[in-house]
Amino acid sequence: MRRDARPAEVDQVIAAIEASGARPARLAREGRILIGILGGEAAAETARWEALPGVEALLPLTTPFPLASREWQPQPTVVRLPGGLDIGDGGLIVMAGPCAIEDEAQVLATAHAVRAAGATVFRAGVWKPRTSPYAFQGVGEPGLALLARVRAETGLRVITEALDVEGLARVAEAVDIVQIGSRSMQNYALLRAAGRIGRPVLLKRGASATVTELLLSAEYILAAGNPDVILCERGIRGFDHSTRNTLDLSAIPVVKHLSHLPIIADPSHGTGHRHLVPAMARAAVAAGADGLMVEVHPDPDRALSDGEQSLDPAAFATLMREVKAVATALGRPVIAPDRVAVGA
Amino acid sequence: MRRDARPAEVDQVIAAIEASGARPARLAREGRILIGILGGEAAAETARWEALPGVEALLPLTTPFPLASREWQPQPTVVRLPGGLDIGDGGLIVMAGPCAIEDEAQVLATAHAVRAAGATVFRAGVWKPRTSPYAFQGVGEPGLALLARVRAETGLRVITEALDVEGLARVAEAVDIVQIGSRSMQNYALLRAAGRIGRPVLLKRGASATVTELLLSAEYILAAGNPDVILCERGIRGFDHSTRNTLDLSAIPVVKHLSHLPIIADPSHGTGHRHLVPAMARAAVAAGADGLMVEVHPDPDRALSDGEQSLDPAAFATLMREVKAVATALGRPVIAPDRVAVGA
Amino acid sequence: MRRDARPAEVDQVIAAIEASGARPARLAREGRILIGILGGEAAAETARWEALPGVEALLPLTTPFPLASREWQPQPTVVRLPGGLDIGDGGLIVMAGPCAIEDEAQVLATAHAVRAAGATVFRAGVWKPRTSPYAFQGVGEPGLALLARVRAETGLRVITEALDVEGLARVAEAVDIVQIGSRSMQNYALLRAAGRIGRPVLLKRGASATVTELLLSAEYILAAGNPDVILCERGIRGFDHSTRNTLDLSAIPVVKHLSHLPIIADPSHGTGHRHLVPAMARAAVAAGADGLMVEVHPDPDRALSDGEQSLDPAAFATLMREVKAVATALGRPVIAPDRVAVGA
Amino acid sequence: MRRDARPAEVDQVIAAIEASGARPARLAREGRILIGILGGEAAAETARWEALPGVEALLPLTTPFPLASREWQPQPTVVRLPGGLDIGDGGLIVMAGPCAIEDEAQVLATAHAVRAAGATVFRAGVWKPRTSPYAFQGVGEPGLALLARVRAETGLRVITEALDVEGLARVAEAVDIVQIGSRSMQNYALLRAAGRIGRPVLLKRGASATVTELLLSAEYILAAGNPDVILCERGIRGFDHSTRNTLDLSAIPVVKHLSHLPIIADPSHGTGHRHLVPAMARAAVAAGADGLMVEVHPDPDRALSDGEQSLDPAAFATLMREVKAVATALGRPVIAPDRVAVGA
């Protein structure tokens, strides 16, 4: 729009974009309003748009993911959770908990332990995506009530994964952050639905997705109306099976360069072996991750899933001390659980 | 079961497995009945099962995908389509058509052209999974009516992709084979639903899935009750971007070695460049593929999606002559479209 | 050069290029002479070159590998071995033999067996590149005499690998084709030396080399003066360990599109398992490979190296019948060993 | 050996191993002497060895790389350079300098700048391995004299790459550490020669080498008699071309778990883009790397090679401040250049 474009003119352009079947995206930058024409075929009709009052010029998009791009929004997105927990503001957030909910005792013991060590978000799988149809698929629905209890008892925020559109609504009601897992990164029906749930979404990178593809999947959620997307690097498929996946920490500075969205790292899935988790957790923080997601189990060797990559509470407490030291050295605060009100 | 086990004893074991929460799978092999206990935790209780009348011994499973495994079913699965079209019986089936349905003229012209060249199944995307939310997402619902018209006019069988559980039912009603795409290979809700639709399913390998993971995804469909699964190799993610994907033809003999399920190859997505498609189509047939899926467009340079990898009808006709020559040389018949009754 | 450039003018330009420190490459195309300026910094001095008599214009190179590129030499390179064996002329050449020479009996038995089945080149490792310093490193020097004996007794051409510059001269004296192995694809000292040996060179693709990098390595040999380079696809490193490597057959049509050099495939290293070799051998031929390299051992289970991927003579004979059928179906002759004179 | 074995008995066993054609390796562990039989076939003859006086038992090797393995040598190897510079003792060593030597001014300016910022080793390519035969191949021999001058003027230790056996001797004479580059990781002739030069060797991981293969290549150098091997992670080949390579930092804790050898990281080649280098340098230190190798150029945009990934001196100084902060936070000293005597 021209610098002197009037609000009514801006509204008229937005209405015209909607009428054309495309989606308008409004941005303010350097005292000037930019309106994106996303999707549809009308974007190609230069003359049509340049004829509208207040329009200065129609420019081609220089990024495939305008809503996720730092080019259109230079300042970082901060995802605000209830209880004063912000993700993406420079502080470090740690999410921890078991791969899967097994029973009440396991959940509560782990939650108290990770809170004591400094985690602020509790993670635990309710429905689990499993490679084999015969593997433990999660406790399902009753797990949501256990998460609610963790929140009430410990003040921790909670996150769990939604596997499908149907489960998404139930999960969104029950938790503070909804996780879209690695295998679902290109489940577009799920991404579109996640764009309409009114809850922050943690989007994990697919095992062979490029960073551009990750940002395009985030764009699905953003374009459907949900601005609160947190990305997660959790390892890509590699040829060296000395680790379960290859944790691609360079994705963190690459995302920071291209996008305003926060990004965290999951060194548990990223390595698959508990003795490698602390080093990669420290490295992720040093690389600039806004947070960590770490698997912790009270008795890893008896875990129903992913025990090999889970830390016990003592090892997790050591990890927390180390990552705090790294974050502090780089001038980054670590958000402590006492910032989170119990029962909030 | 013991060799002399009576039918009532077999039924009793099956009922006991069901009562335990597991799924029974009955197989006959070398004059003896084997009953698999799939899932659940009761499988570990050796004494419980060995106490049942007629049971000889409880053996551990030696394969993670018993229903898909050649170990449990040595003879190949033949998927029978209406009109006498069999997939997996040694013959070669060719599926061809545009990446996406654009309009009636494009669909019918392509269908007649690929039939004339010898294809027996028509492929065309109705809903398209696209990396970008702003890319053409397919014509949707009206596309199904066009596929019905192709079937009526040409006698070709039709296949299209279902992206989600909701769409699956509608697709299953309208087509002969339902495709589960590469990005959905580990969409377990979709796989389970595909196990209950009563239609053959074409399951494409994920871009970074191992063959074992592909077979485990097939196992989800088989375990849900649908025995008609056709696998498809369509290229894995590689480092050399001179091709869009790396078509891993060794997956064909690996699958044949491990499983009784038929497998076809998609050299269009597997290479991403039309000048590479014929060579890889010939190679796939020589490697033992039960069929091919090839993108054909009447005017590839104007295609709304994947034009770069689509053949025009003349190039497709040449490809068909070449693959027939290879199949014939290896003693394999090529199923011709006149075997398929018009209006069947 | 201008169409009417005189030979003396051409010679003058070539001399000027040499004087500048660059390497001249002379090509004739469509009745016009092109002279490449390869390497050096003088290529950038447009005015200098355009001032020379007979020069029409200085054009930028459009390919990074002008000598290997089909753009500069549209017709295929045919590598001619003694005894009337041509590689790259449309016929199919099969190289077969054990991974490593073990003893005289093994070598001669294998050589006679592969000749009887239709191979024309005998392969056998004399010095072996082994991942572990403690693994069998090959019989060394005496192996060369055994290869000479194979040639005299059977009329087969022979090929073996040279591991370093020092061994290259000895190997070049003793064999018909010198192999540069996968691990040496970017051993530039070895490539340059291979450019000066006056023997055909088989250059294997590195485990994570792109096709462009393979052609640039070939360019090292070509630029050093040896035009007889045969490429070999032998599998790239992949994430699915159900095969030892991922045989990337699409490299064959990609190379044919970009280059005039012949290319063969090695399904033995490409799969690592003997039961997968025949399917991939057939596929390679169908994809357009100019030849095959196959490991054959009289007693694979007792081989000192790579027995798991070696065929026994009977399996190799079956493979030969199949690849002949495929080649014949595609109008390609299979070069038979009786074309090769014994003792030639 | 038995706990009470006499020295003469130990010597006798060692002599017997040598006589058998194998290589003996002597280790002391928990008050007991172990003697490895490396290579050869005699290791299988249990009775032969157990009959020798003082021998308690012949045990199978449990690691493929006994000399590199932490199992045989639990304490870390510390590589000691002249002037009191130790690598692998817990401190952090930074190697920095241009990709390639261009001229005296560039070399000296960079050396003084990196020393001022805190680097202790100067890196600069004299002979460069280049993918294209037409790219700048390094200044060659005269570069060695410039490195000597850097050492004399600044007190920095110097490192450069040797490309072949011939160059190795000259490089070894001129520098403090000899680099074996990524493309040469499986150049076994070069590795064996590097085992005999009496200088520390920096061995870079190949672009598609597993950690096991890296350690087996180190084993070649160790087995040839050189205990001073430093490993280097410099990025593996990946599918996402938003970085030049995928820096696999998990290799650092994996190596630390398996081996006693020091390991450093090269975030310049590991990312290929200068804006990503600082984050990955910090991450490597946090992951436990014993050092860094960073490309610095006085004017990166005019560098003759790899300018895109080179930092200018100011950016390098910032990087040094950040990595020192991370190292200090984790209780690790950063070795400062004033520990290194000028002219040492």
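Per-chain residue numbering starts at 1, and chain names A, B, C and D are given in the order in which the chains are listed.
Everything below uses one rule, namely that a residue touches a chain if its C-beta (ideal position, glycine included) is under 8 Å from a C-beta of that chain, and two chains touch if they have at least 3 such contacts.
Every value quoted in this text rests on a predicted model; they were computed, and no experiment measured them.
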item	value
Each chain counted as touching chain B and chain D at once	A, C
A-C compared against A-D, more contacting pairs	A-D
Most distant chain from chain B by Cα centroid	D
Chain centre separation (chain A, chain B; CA means) in Å	33
Between chain A and chain D, centroid-to-centroid distance (C-alpha), Å	38
Between chain C and chain A, distance of the C-alpha-averaged centres to the nearest whole Å	49
Residues within chain C bordering two or more other chains	208, 236-239, 241
Sites on chain B touched by chain D in the complex	237-239, 241
List of chain D residues in touch with chain A within their complex	208, 210-212, 236, 238-243, 246-254, 256-257, 270-271, 275-276, 279-280, 282-288, 322, 325-326, 328-330
Partner chain B, residues of chain A touching it in the complex	38-39, 64-65, 129-134, 163-166, 183-184, 186-189, 206-208, 213, 216, 219-220, 223-224, 236-237
